[in-house]
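Next come two complexes, and both contain subunit A; in the first it sits with subunit B, in the second with subunit C.
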Partner chain A sequence: MDAKYIALAQMAVGGGLMGMAYALVAYGFQLTYAAGKAVNFGQGELVMLGAFTGISLAGSGLPYGVSVLGAMVAGAALGWFVERVAVRLALKQHNEGWILLTIIVGLFALSFVENIWGRDDRPFPVPWPAAPLDFYGISVTWPELAIAMGALGIMIFVELAKRYTMAGIAVQAVSADPEAAELCGVRSSSAISLSWAVSGAAAAFAGTVIGPVTTVGPTMAAALTLKAFSVAVVAGLDSGFGLVIAGIALGAAENLSGYVLGSGWREAPGLLLLILALALRPQGIFGKKIIRKV
Partner chain B sequence: MKASRSILAVLLATSFSTVAMAADVVKIAITGPFSGGSAPMGVSMRDGAKLAISQINQNGGINVAGRKMKIELIERDDEGKNDRGALVAQEISSMGDISAVIGTVNTGVAVMGDKYYVEKGIVKIITPAAGSASMTQWSKAGVKDLPIFRFASHDGIQAQMVVEKALKLGFTNVAILHDATNYGVSGRDDLIEQISRQGGKLKVVSVEKFAIGDKDMTGQLIKAKSAGAQAILIWGIGPELAAVASGKEKLGFKVPMIGGWTLSMSNFIDTAGASGNGALMPQTFIEDESIARAKPFIQAYHKAYAVSRIPSPVSAAQGYDAALLLAEAIHEAGSTTPSKIKLSLENLKVTVKGAIADWKKPWSKWNPSNVETHEAFRRATTVMGKVQNGRVVLANPSEKFVLEGTAVK
Partner chain C sequence: MFTGVDLGLKENTAERIVRIVLFIGLGALPAFWQGQYALGLLTLMAVYGVLLIGLDATVGYLGQVNLAQAALFGLGAYGTALAVQAGASFPLALIAGVIAALLPGAALALPALRLEGPQFALSTLSFATLSVIVLNESESITHGALGLSIVRPSLFTVALDARGFYWLCLVVLFMSWWVSQLLLKSRFGLSIEALRDSPTATDALGIGTLRHKVLAFAWGSALAGLAGALHALNFGYLQPAAFGYDLMVMLLLGVVFGGRRSQWGAFAGAAVVAMLPNLLSNRTLFSTLVSFGCILTLFPIFRSLISRKVPAFKEAAPAVAMAAALILSLFANNVEEWRKGIFALFLFAAVVGLPDGLAGAVVSALHKLIRFTPDPLPPVSGGFRPAGISVSEPLHVLKLSKSFGGVRAVDNVTLDIGQDEILGLIGPNGSGKTTFINLVSGLYAPDSGTIEIAGTRPLPGSLMSASSAGAARTFQNLQPFSGLTALESILVCQHDGGKSEAMGWLRVVALEEKARQRCSEMSYGDLRFLEIARALATRPRLLMLDEPAAGMSKPDIARLVDLVVSIKRAGVPILLIEHHQDVVAELCDRVAVMDGGRLIALGTSDQVRHNPKVIEAYLGADDDHTSVQSKSEPQLC
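Here is the complex of A and B:
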């Protein structure tokens, strides 16, 4: 193959793999949106907290896998906490205060991290081999593969749990119709709490797989939240695996435009994509149009 | 009642005593990025300077016209941000009783903030910011009387050495990578100028930039690789330099990185890990206890801050020597007035024995057409360092004599 096309393919593949990280964070948005019609605008801070928790656990001598699990537990607790303190009351009162409140909790998390861990970026040690893999001239590193595998793994795991466990079915029932679910004996507040906890765990997991690629610092996820939200909106907040396609497309488009047009143009396609999607398909490219009968 | 009266008495007594003390101190400010991507340099510079100051204070302080005066420090974190740096400079220059300032790591901060010191005539020793613009801005403006001095091997020297090294290693095609800050852009210009000054024997096959915070450099590196670059000449700071090193590893692009002294930053060395080995950069100081001159300083620093490795040895040693030189200047001026300190810095009588060299009259009277008058370092006082297994060592061990050197200039 021509070197020029290999270079383009390299950029697209690298971007697409990072795009899986966007999809994973977007999946966290989707989970809480399905259950309680709210999202955590501090999701990026949960990613960052997850990464720092993982680094600290790994630094204390625990193996990588255990550190990741520990970070996910912490993330789940935090997700639950955000729902409990910032979202539940606002939703009960039918106001939009949760938007601001989740942002505020995120800002608190940021100050907390800056004071505990400091403001400097640090590497996240991983047990994977350092040498990259080569696919027909395209290099892929192990941490990049870990993002893709991890993101898919978490999504498949949660989607299966939603379909085949009692708790998962309860969450689905609540997301379809909270009142009907309550009548059938499902406590909707618990189902919503559960989905926030799972969303928090997914965010923390994202932190532990993104950290090895980007290094870990308080602002590591600042841009990530916005991109993941774009992915969620473009794909549709109830699109399931549509997120993966939108995430890969955004990541690849960013990298390609940075390469072809110059590094200053990296962010442009994502924004264009968002505007186009909102103009043409407001319910999301893979979203279902919901017709509400009053 | 009685108790409150006695408390009042104590308060009055202590307030008087601080007034009496205030007359016996010299106030010096240290500014730099103590957080963020440049923090290893800022923190090391600050701690190096504080080490010198605490040693001076332990010996009773500076003898100013027959009176022993202790040094009082004011520290400000500019976070490496230009706007924040300008605010810090405004604040310090309006305090009214600051004799001198040591610091600044980021060239952009010096460009944005130093005008406030120049307006008020406050002496500042820039260290370790190396970007050419922090001094050339004053020669371009034709400032006649400049209280700003530099104590760092500036980018002009560094670019010269980087180009010399690339030629010596026999390269003909190189890529230039730089960050989009004032530091990176002026570094790129210095490199291009040096290449033509040294006979234009290096062909620049690709010039690529990156932004602070970028983690993925594969795009820039693919372009450099496909253009046939045999080496990467690079100007940036730690985190992004590390991203370039790991991108090189990913692409199997095994060419050396030669660049500014920032390649010695701990956040480059630690983050890049094995992929950073072999990076070459100019250094004014190497953390190597086998260098007799450097040993006491290295040991004192390790002991004072309970570390086994200085985050940025060059910054620490320059901060230390800059503080010693400043103290000597205040002593020779016999005054804490900035204008008098400036005059004695321009004409130091005593040779100051530092961790880097014996400083014999490092600066002279400012001449706008020759910035070297306020630059302390020369090509001959700078060596090439190399990253090797988590530390910076001499690239060429035979250059050790430069760092042992007794009389400079």
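Here is the complex of A and C:
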């Protein structure tokens, strides 16, 4: 095959694997949107905090697996915290204040990270072999594979838990109709908190798998929120695995446009497509059409 | 009880006086607070003031979180800078800045404003990121990250010094403030408030939701461009990174902190955004201010502790945030490093503790201290006019069908309404009555069939088009404009006429005494009558009432019957959905019965009542068929 096409394919595969991480963060958006019709505009900051927590835990001598778990626990706690301080009140008052409040909490998190961990990018240490795998001339590194495996693993695990555990079914009931669920004895605020905690854990996990590929720094947050949100909206905020397709597509598009148009333009086509997708199909490509009722 | 000092002033007059005093004070300030640095800060405040007044148009008035304003500001600045480089004069450069923001703003508004809430916020965020990328990467034009330098041209023949430029910025701020206020207090502004509460109702009443949203957004973008132009002429050096996410967050938070839906709030926010970085560098002053803020947030906590309640989240959270800010301001090694964090804490306290911002808090405190003279109620005139002569049928529906998934909600319905006729539409719950009205009024597009309203065929699925054809409706589940008063609700619906005519419509439904009451404070029955008055104010050629008597008290129902009779007498044909059989029997010339989406009977009330199909439909659907009670629970029809 032509060397140019191989390079393009290499770009697409690398981007697609990275896109799985966007899909995972986007999955966190879906979880909270289903439960309480709100998402965290500071989710990228959660990813970043997860990554830094992982680095610090690993740096203190803990094994890799334990560091990742620790980061996820921290992420769950932060997700719960964001829901409690920034979202609950605003949703009770039926206003859009939660958008502002989650931005504000994210801003604080950013400042916190800048002052505690510093402004420099850091590598994330991993135990995987350094040599990449080779598939017909396209090389895939172990950290990239870890993103894909981890993202799919977490999504499948949570989806199964949603279907086959009492807590998961309760969360589904609350997303269908919070008042009816309350009448059946489900405490909807707890179900919403649980969704936010799981979403936070997923974000933190995403941080621990993105970190080894990109490095970890305070600048990663804002871009990640936007990308993951794009994936969630294009796929539909209520559609399950459309995310994975949208995530892979965005990741690949990003890498390819960076390669073809120059690295500064990496994000441009994705953003343009996002605005168009929103304009043409606000419910998302895989989402269901909303019927207005009066 | 202390009821406040009566100044014998109208609130508007008082506000105008204070505003003019403020601007005179700001104009004189450089004489007392001297130095290049102070002048720079004041200029920045004025520029931000223009920018935030623009941002408030979307964030405050439209109620949508707009994350594109910083980018539009940047585009305006670059537009002006490039125009100056090309040798444009001062006024031309300003115009270039406005256009450079307005055109992309309009291009964004058309798709984005069909969206709501998080989707809208996201599309503006994408636009903002995209703009910064374009500014950064178009190096041949903007010099990318290296930045662009310009020299301020002279205004006609006067070369403006820093003080002169500051005064110019003040004039621009004053004008933007004044025009925004006029615009947003006008019928245009009322419409925007109305569509925030119920976009469906504003479309159904022909006010035009999208049009108003786009105009509001365009106004905000134009101000962003103007502010950007001033910014470029002020600094003379631009870099794309300055217009990124950080600035956006600051601006957004400035508006919220100052107070939404208020030019005073935008100005207060601008002052905070411009001055805060400066305050942070003076540690003593800063800690003093934070301590003061911290003490203020403690008051609500004490109040609930005195009444022996555990402080609610809304009361406790601001105090915790301010306490954290205080700790940071006292103990952090470098307060400026924590700038974003401290700003976040302030804003958190403000958003949670002062939902209406600084301006809102000050205004409500002033209302407790001072009593203002209310505007007199306008005189009453207008009301029904003799109907215009119309030859075509008010409503002609042919073979109309609509399915939702597998459910045929309306199935092959053909129906006409004649001049001066009241047609009743009845049927068991879920028989398709409301869907029928939703189709005729344009909320849904039919799958097949045609609708003709007063001789014209509206675009399928367009509320606006049906409304301009002459249809007007009320809603089974009330769609009030909660933020408006009764009088204002009518005003926004009128195509012509002023306040006296609006009072006339209120008199028709006997609500003229409550003209100044906010819809959010009105009773359920009054709101139902107000919806009818709203529909009448559009001077419809077909009025559709969707269960107007639902949930009404006996005396109100009697009032309603009289009202409908008088509407008919004025020559407006009516399509009436109603569950109260006595009301239907008394009012309707003909009655159509629907069941399972089909029209099963059509005739006089008596004929229909003895139709075996109708009896079967009601028996099969409802045990209590002899007197079909009104049901107030929402139903999907």
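By definition in this document, the second predicted complex is superposed on the first by the 291 of 294 C-alpha atoms of A that agree within 3 Å, B and C clash if a C-alpha of one lies under 4 Å from a C-alpha of the other, contacts with A are read in each partner's own complex, and residues count from 1 in each chain.
Here is the rule we use: a contact is a pair of C-beta atoms (placed from the backbone, for glycine too) under 8 Å apart; a residue touches a chain by one contact, two chains touch by 3 or more.
Predicted model only: the values in this text are computed from it and were never measured.
Undergrad: Superpose on subunit A as described above, then tell me if subunit B and subunit C fit or clash.
TA: By the criteria stated at the top, subunit C and subunit B fit after superposition, with no clash.
Undergrad: Looking at A:160, would you say it contacts subunit B, subunit C, both, or neither? Reply first, second, both or neither.
TA: It touches nothing on subunit B or subunit C.
Undergrad: Check whether A:120 is in contact with subunit B, with subunit C, with both or with neither, and answer first, second, both or neither.
TA: In the superposition, A:120 touches subunit B alone.
Undergrad: Looking at the overlay, does A:11 come into contact with subunit B only (first), subunit C only (second), both, or neither?
TA: Touch partner of A:11: subunit B, not subunit C.
Undergrad: Between subunit B (first) and subunit C (second), which does A:141 come into contact with in this model arrangement: first, second, both, or neither?
TA: So A:141 only meets subunit B here.
Undergrad: After superposing on the shared chain, does subunit C or subunit B touch more subunit A residues?
TA: Subunit A has more residues touched by C than by the other partner.
Undergrad: Which holds for A:184: it touches subunit B only (first), subunit C only (second), both, or neither?
TA: Once the two structures are laid over each other on A, A:184 reaches no partner at all.
Undergrad: After the superposition on chain A, what angle is formed at the C-alpha centre of subunit A by the C-alpha centres of subunit B and subunit C, rounded to the nearest 10 degrees?
TA: 100
Undergrad: Could you say whether A:255 touches subunit B, subunit C, both of them, or neither, answering first, second, both or neither?
TA: Touch status of A:255: first partner only.
Undergrad: Using only CA atoms and the superposition described at the top, report the least gap between subunit B and subunit C in Å.
TA: Superposed on chain A, the two chains' closest C-alpha atoms are separated by 7 Å.
Undergrad: Check subunit A for residues that touch subunit B in one structure and subunit C in the other, and list them.
TA: Dual-contact residues (subunit A): 264.
Undergrad: Taking the touch rule as given, give the residues of subunit A at its contact with subunit B in the complex, in rising order.
TA: Touch list, subunit A to subunit B: 3-4, 7, 10-11, 14, 18, 118-123, 130, 132, 134, 139, 141, 213-215, 219, 255, 258-259, 263-264.
Undergrad: State the interface residues of subunit C toward subunit A in the complex, per the touch definition above.
TA: On the subunit C side, the touching residues are 63-65, 108, 110-112, 114-115, 117-119, 121-123, 125-127, 129-130, 133-134, 136-137, 200, 245, 249, 252-253, 256, 313-314, 317, 332, 337-345, 347-348, 351-352, 355, 404, 434, 438, 443, 475-477, 479, 634, 636.
Undergrad: Considering only the defined contacts, which subunit A positions touch subunit C in the complex?
TA: Per the touch definition, subunit A meets subunit C at residues 33, 38-39, 41, 85, 88-89, 93, 96-97, 99-101, 103-105, 107-108, 110-112, 114-115, 222-223, 226, 229-230, 233, 237, 262, 264-265, 267-268, 271-272, 274-276, 278-279, 282, 291-294.
Undergrad: Can you name the residues of subunit B that touch subunit A in the complex?
TA: Of all residues in subunit B, those touching subunit A are 35-37, 39, 208-211, 213-216, 218-220, 222-223, 226, 239, 242, 249-252, 267, 270-271, 273-275.
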